[in-house]
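Common to both upcoming complexes is chain A, partnered first by chain B, then by chain C.
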Partner chain A sequence: MNALISTALSGVLMMFAGLFVKNKQSIKFVAIVALLICFAANLAELCTLQGGSRTLYGMITVTNFSVLFNAVAFGATLLYFMLSGSAFEKVGEHVSDYFALVFFILSGISLASSFSSLLMLFLAIEIISIPQYILAGSDKKSPKSSEASLKYFLMGSFSTGILLMGITLIYGATGSFLISELGIGDGAISPLALCGVILIAFALSFKVSAAPFHFWTPDVYDGSPSVFTSFMATVVKAGSFIAFIRLFHGAFTGTISKDWQLLLALVTAATLIIGNFTAVFQQSVKRMLAYSSIAQAGFMLLSVIAFSDFAVKGIILYAAAYSIATIGIFAVLIKMKDYTFDGFNGLAKKEPLVAAVTTICLLSLAGIPLTAGFFAKYYVLTAAVQEGNLFWLVIIAVICAAISVYYYFRVIMAMYFKSGEPGVEEMNGRFKFLLVVTAAIVILLGVFPGLLLQFA
Partner chain B sequence: MPVQYYIFLSIALFCIGVMGVLMRRNAIIIFMCVELMLNAVNLLLVAFSKMWADAGRVDAAGAQIFVFFIMVVAAAEVAVGLAIIVMVYRNSQSVDVNIMNRLKN
Partner chain C sequence: MLTVLLILIPLVTGLIAFGLKGSGPKTLGLISSLASLAVTIAALFQFRSAPESLSHSCNWIPQLGAGFSVGLDGMGMMLSLLTSISFVLIFIVINKREYDRANSFYALMLLSQAGLMGVFAAYDAMLFYFFWELALIPVYFLCSLWGGEKRIPVTFKFFVYTFAGSLLMLIGIIYIYLQTPDHSFSYASFTTAALPKETQSCLFWLFFVAFAIKMPIFPFHTWQPDTYEQSPTPVTMVLSGIMVKMGLFGVIRWLLPVLPQGAYVWSDVAIVLSIIGIVYASCIAIVQSDFKRLIAYSSIAHIGLMSAAIFANNEQSLQGVLVQFFNHGINIIGLWIIVEIIQDRLKVKSLNELGGIAAYAPRMATFLVIISFANIALPLTNGFIGEFLMFSGLYQYNPWFMAVAGLGVILGAVYTLNMVQKVIFGQPNQLTETTTDLRGNELLALGVIVAIILVLGVYPKPMLELVQSTTELVNKVY
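Presenting the complex of A and B:
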């Protein structure tokens, strides 16, 4: 609750900050302070919960899990503001509005992590989506950005329509929107409810860019301003996953779970294979990261399919590991003049520290031990193995993880083993210090994942 | 009237919307088709609400409240969406989505 209220108020505050604060640097400062307050308010909720849950008129149920996920999302956003906040100024005039939109997305995410009614699920997904359409098109003069925005908008509202149809069919079958009263899986499944579940699964696959509904992702992520791609591909994607996992683990249990498990297993396999194989052939690092985000979504889907404590821990760790590493890489990418792989040639000679941090983040995405990505993959794969009948999927996932090493190492190869003169913008000491902090978090979570998981 | 008629009508409207989104190339027409999908859902929700009210559920009006939420969100989407379409038109003098395949290269 606290998280929802504080982020929504911060969003309004940021809109007013645009009127009263003229200096753009101070707007970023205001945003960071507001986010810190949201973070503290969210953690304060943990004390009042004390392991239980808090329900608001049956619409919202806040549990430890939701508070922990909010903390991960807010923490990653905080890092993102500090690393890339100054790049907001280069996108356009209305810096405070962009911060306000990010805060509204965060309030959508905190709703997605605590809904207990299908109405709130719909609102959460929409609050997450609508500001993203604006952020994708925020570079108004660039045709690429506006086209990305239009594509995202049309695909996003289409999938909203499908989501709503799914919710309506489920209502027709059960007569309730409350997750606790649905009871679809008790006894015989009505065809209406089955259609509803399948439509919702498709709509949410759209939102998390799982194959075969991923086709908008590379174009939108490539066309949007890099700063906002960084946010959309990390925190927002993790937020959509939380909605996914809460809905499917909370409402669609019992006899119906076998039906959607098979469907989602096929979607996961397709996502892993398409994401990884296409990423191999990309020439631009930004586009490679877009495909890599599809591939990583495949791994996160594993935890939606597998019902267990491990899966829930896995998604939290995966969200943290993936978001932090990708935010780090994007922070470096934004400073580069050339987004192709060749643009990174010789970066290790010119900026050894930056190259080292990028390497650690890439290793984490590839899932090399001692980085956070390793334990994240370990948890979701273990959850899938424990599920029993998904062994074929685990084998595909492991093979795909091996393939992903190739395209992540292409960047490392370019930085360390090729010579060239990379075009990089000036990086100040504070930026480099924050990059080191990012790398430190990645390694810390890789050595002691319990630091985060003890709260789950 | 039995609720089946409403279900068939809504599904038909919804499918017309889906086919429109998949087949038309003009961004505004696609957008209208999305609105058609949303309104098919609204109609179905109201029909189901009546069905459950007749079946004796006291909270059946909740579905009609849901319809209001869908209308409000759809209005917000229109505000953002039309602005985006105008922006695209200013940049490329066209609202044809085929032109957007430029992004692929």
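Presenting the complex of A and C:
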């Protein structure tokens, strides 16, 4: 609850801040302070929950899990503000509005992590999506940015329609929006409800960019200003996943789970294969990261399919590991003049520290031990192995993980083993320090994942 | 506690080395490796009096049931001895060499030592996997940054191969972990998991492929000759002397005790693959003209024999393998040292351009002959006892397998003696006339190796005693 209120208020605050604070540096400062307050307010809720849950009018149920996920999302956003907040200024005039939109997305995410009614789910998804359409098109001078925005908006509204249709069908079958009262998995499955579940699964697959609903992702991520791609590909995607997992693990259990499990297993396999294989052929690091985000979504989908304690812990760890590493890489990418792989040639010689941090983040995305990404992958794979009948999917996932090494290591090879004169903006000491902090978090979570999971 | 020190010393000094300049990293590398050797020797004494005191265990990720459990049994002791001696030798040999970005070079070398020690000491499946991967990363960077012309694609192939293999092993580890009654990664839970036979025979392949790629045995060996050829020679020494033992070690420590029935079902297949590797690699070695590739293929042949002997799995063959772990490591590092010296002096690695070195570098020639004899396991050299035991064990398992594998010895003599002949005898040419004999540090390193070869060749008893506990244990489980 606190998270939802504080982020929404911070969003409004940021809009007004644009009126009164003229200095752009101070706007960033205000945003960071507001986010810190949101973070603290969110954690404060743990004391009132005391391990139980708190329900509001049957619409919202806040649990420890919601609070923990919000903390991960806010923490990643904090890192993002500090690393890339200055890049907001380069996108356009309305810096404070961009921050406001990010806060609104965060309030959508806190709703997604705590909804207990299908209506709230719909609201959460919409609150997450609409600011993104604006952010995608925020670089008004670039036609690619406008194209990204329009494409995202059209495809996004279409999938929202499908989501709404699914909700309607489920309402028709059960007569309720409340997750606790749905009970579609008890006894015989009504065809109406099954159609509804499948439509919702498709709509949410679109939001998390799972294949074959992923076609918007590369264009939108590539066209949007890099600084916003960084946010959309990480925290926002994790937020959509949390909605996914809450809904499917909370409402669609029982006899119906077998039906959608198979469906989603096929979607996952397609996502893993398409994401990883296409990423191999990219020439631009930014586009590679877009496909990598599809590939990583495939791994996160494993935890949606598998019902277990591991799956829930896995999604939290995955969200944290993936978001932090990707935010770190994007922070460096934004400073680069040339986004192609060749643009990174010789970076290790010019900026050894930055190259080292980027390497650690890339290793984490590839899932090499000692980095957070390893345990994230470990948890979701364990969840899938535990499920028993998904062994074929696990093998596909593992092969895809090996393929992913190829495109992540291309960046490392460019930085370390090729010589060149990389065009890179000036990086000040504070930025480098924050990069080191990012790498430290990645390694810390990679050695002691318990630091995060003890709360789950 | 000593076991933890063996991992910590190279880890900490490695991280420090990144920040040093000038000759600092070089000195630190030597000091660190000597310190590791001293700790290993201390551990060896403790192993004789109180072997349990080398085990150490504490919580790591309690949520997962993974602990930081390390310990050394006879096999682990042997391999840590090999690791620490090898690193001392390597650092002595490259002491006069100047590397570009020396701080990173020495740091990565030390980190790879830490990873290797971790693999050999881990008594927890998760920890084992962790170190298994970690040993790979520094080596990847070492090869890619300081290797030969084709280093980037070659080492990348090496990395992807081994990474894919290890991921399969990870799936196997996860599966067994979920079957353990107490959901734990500890060695004890894994070995008592007692899975049904069908499951074991499926899981066998997940582990076997990972280990087979690392060894490497046929048909998973294609990364190896290229990588050995392209790597800087000190790294090749680490790869061929120590890292290949990771795969063999994995089979003995994890595969046989955890999946005994799986190994039983597939042992014939594994042995046949190993034997194909022996004959195939030996034949290719005969026609090689590149010095480094020849030794690389010879290594595949030797590893094939060890792998066959492991899967024959009787007490004699295992004893032979464990003794050979150490001896093969020492011998092949000796060969690489000579390759490194020749390459450093003459800048060629084709055998056809060499010849007549004996006249100009008599001491080097003598050392090469002795090490080559050890490489083909002549009696009175250290290689003999290990190969003899392995063949005898293989004979007990199946005489036909032994007969075919025995071809490897004959072919081995052919290519090794051929190599010796081409390098040190024959007509000297303009290039080889410029050869100078060994310098002090090289003499020291090779002298140590030859001393080990001769002493263990005549008196192998200490080695056999050291590994006795391990062979008995493995057989009991089987």
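Keep this in mind: the second predicted complex is superposed on the first by the 456 of 456 C-alpha atoms of A that agree within 3 Å, B and C clash if a C-alpha of one lies under 4 Å from a C-alpha of the other, contacts with A are read in each partner's own complex, and residues count from 1 in each chain.
Please note the rule applied: a residue touches a chain if its C-beta (ideal position, glycine included) is under 8 Å from a C-beta of that chain, and two chains touch if they have at least 3 such contacts.
These figures come from a predicted structure and were not determined experimentally.
Participant: Once the structures are superposed on A, label A:389 by its partner contacts, choosing first (chain B), second (chain C), both or neither.
Facilitator: It touches nothing on chain B or chain C.
Participant: Is A:402 contacted by the first partner chain B, the second partner chain C, both or neither?
Facilitator: Only chain C is touched by A:402; chain B is not.
Participant: Let me test your reading of the model: by the given contact rule, A:454 touches which partner, first (chain B), second (chain C), both or neither?
Facilitator: In the superposition, A:454 touches chain C alone.
Participant: Pick one for A:53: touches chain B only (first), chain C only (second), both, or neither.
Facilitator: neither
Participant: Pick one for A:126: touches chain B only (first), chain C only (second), both, or neither.
Facilitator: The answer is first: A:126 touches chain B but not chain C.
Participant: For A:151, using the defined touch cut-off, is the partner it touches chain B, chain C, both, or neither? Pick first, second, both or neither.
Facilitator: The answer is first: A:151 touches chain B but not chain C.
Participant: Determine, under the contact definition given at the top, whether A:180 touches first (chain B), second (chain C), both, or neither.
Facilitator: In the superposed model, A:180 contacts neither chain B nor chain C.
Participant: By residue count, is chain A touched more by chain B or by chain C?
Facilitator: B
Participant: Does the superposition put A:381 against chain B (first), chain C (second), both, or neither?
Facilitator: second
Participant: Overlap of the chain B and chain C footprints on chain A, residue-wise?
Facilitator: The overlap between the chain B and chain C interfaces on chain A is empty, containing no residue.
Participant: Chain A touches which residues of chain B in the complex?
Facilitator: For this pair, the touching residues of chain B are 7, 14, 17-18, 21, 27, 30-31, 34, 37-38, 40-41, 44-45, 48, 51-52, 55, 57, 59-60, 62-63, 65-66, 69-70, 73, 76-77, 80-81, 84-85, 87-88, 91-92, 97, 99-100, 102-104.
Participant: Residues of chain C touching chain A in their complex?
Facilitator: 60-64, 129-130, 133-134, 137, 141, 144-145, 151-152, 156, 159-160, 163-164, 167-168, 170-171, 174-175, 177-178
Participant: Provide the residue numbers of chain A that touch chain B in the complex, in ascending order.
Facilitator: Residue list for chain A touching chain B: 119, 122-123, 126, 130, 133-134, 137, 140-144, 146-151, 153-154, 157-158, 160-162, 164-165, 168, 171-172, 175-177, 219, 222-223.
Participant: Going by the contact rule set out above, which residues of chain A touch chain C in the complex?
Facilitator: Interface residues on chain A, with respect to chain C: 313, 363, 368-370, 374, 378, 381-382, 385-386, 394-395, 398-399, 401-402, 405-406, 409, 413, 416-417, 448-450, 453-454.
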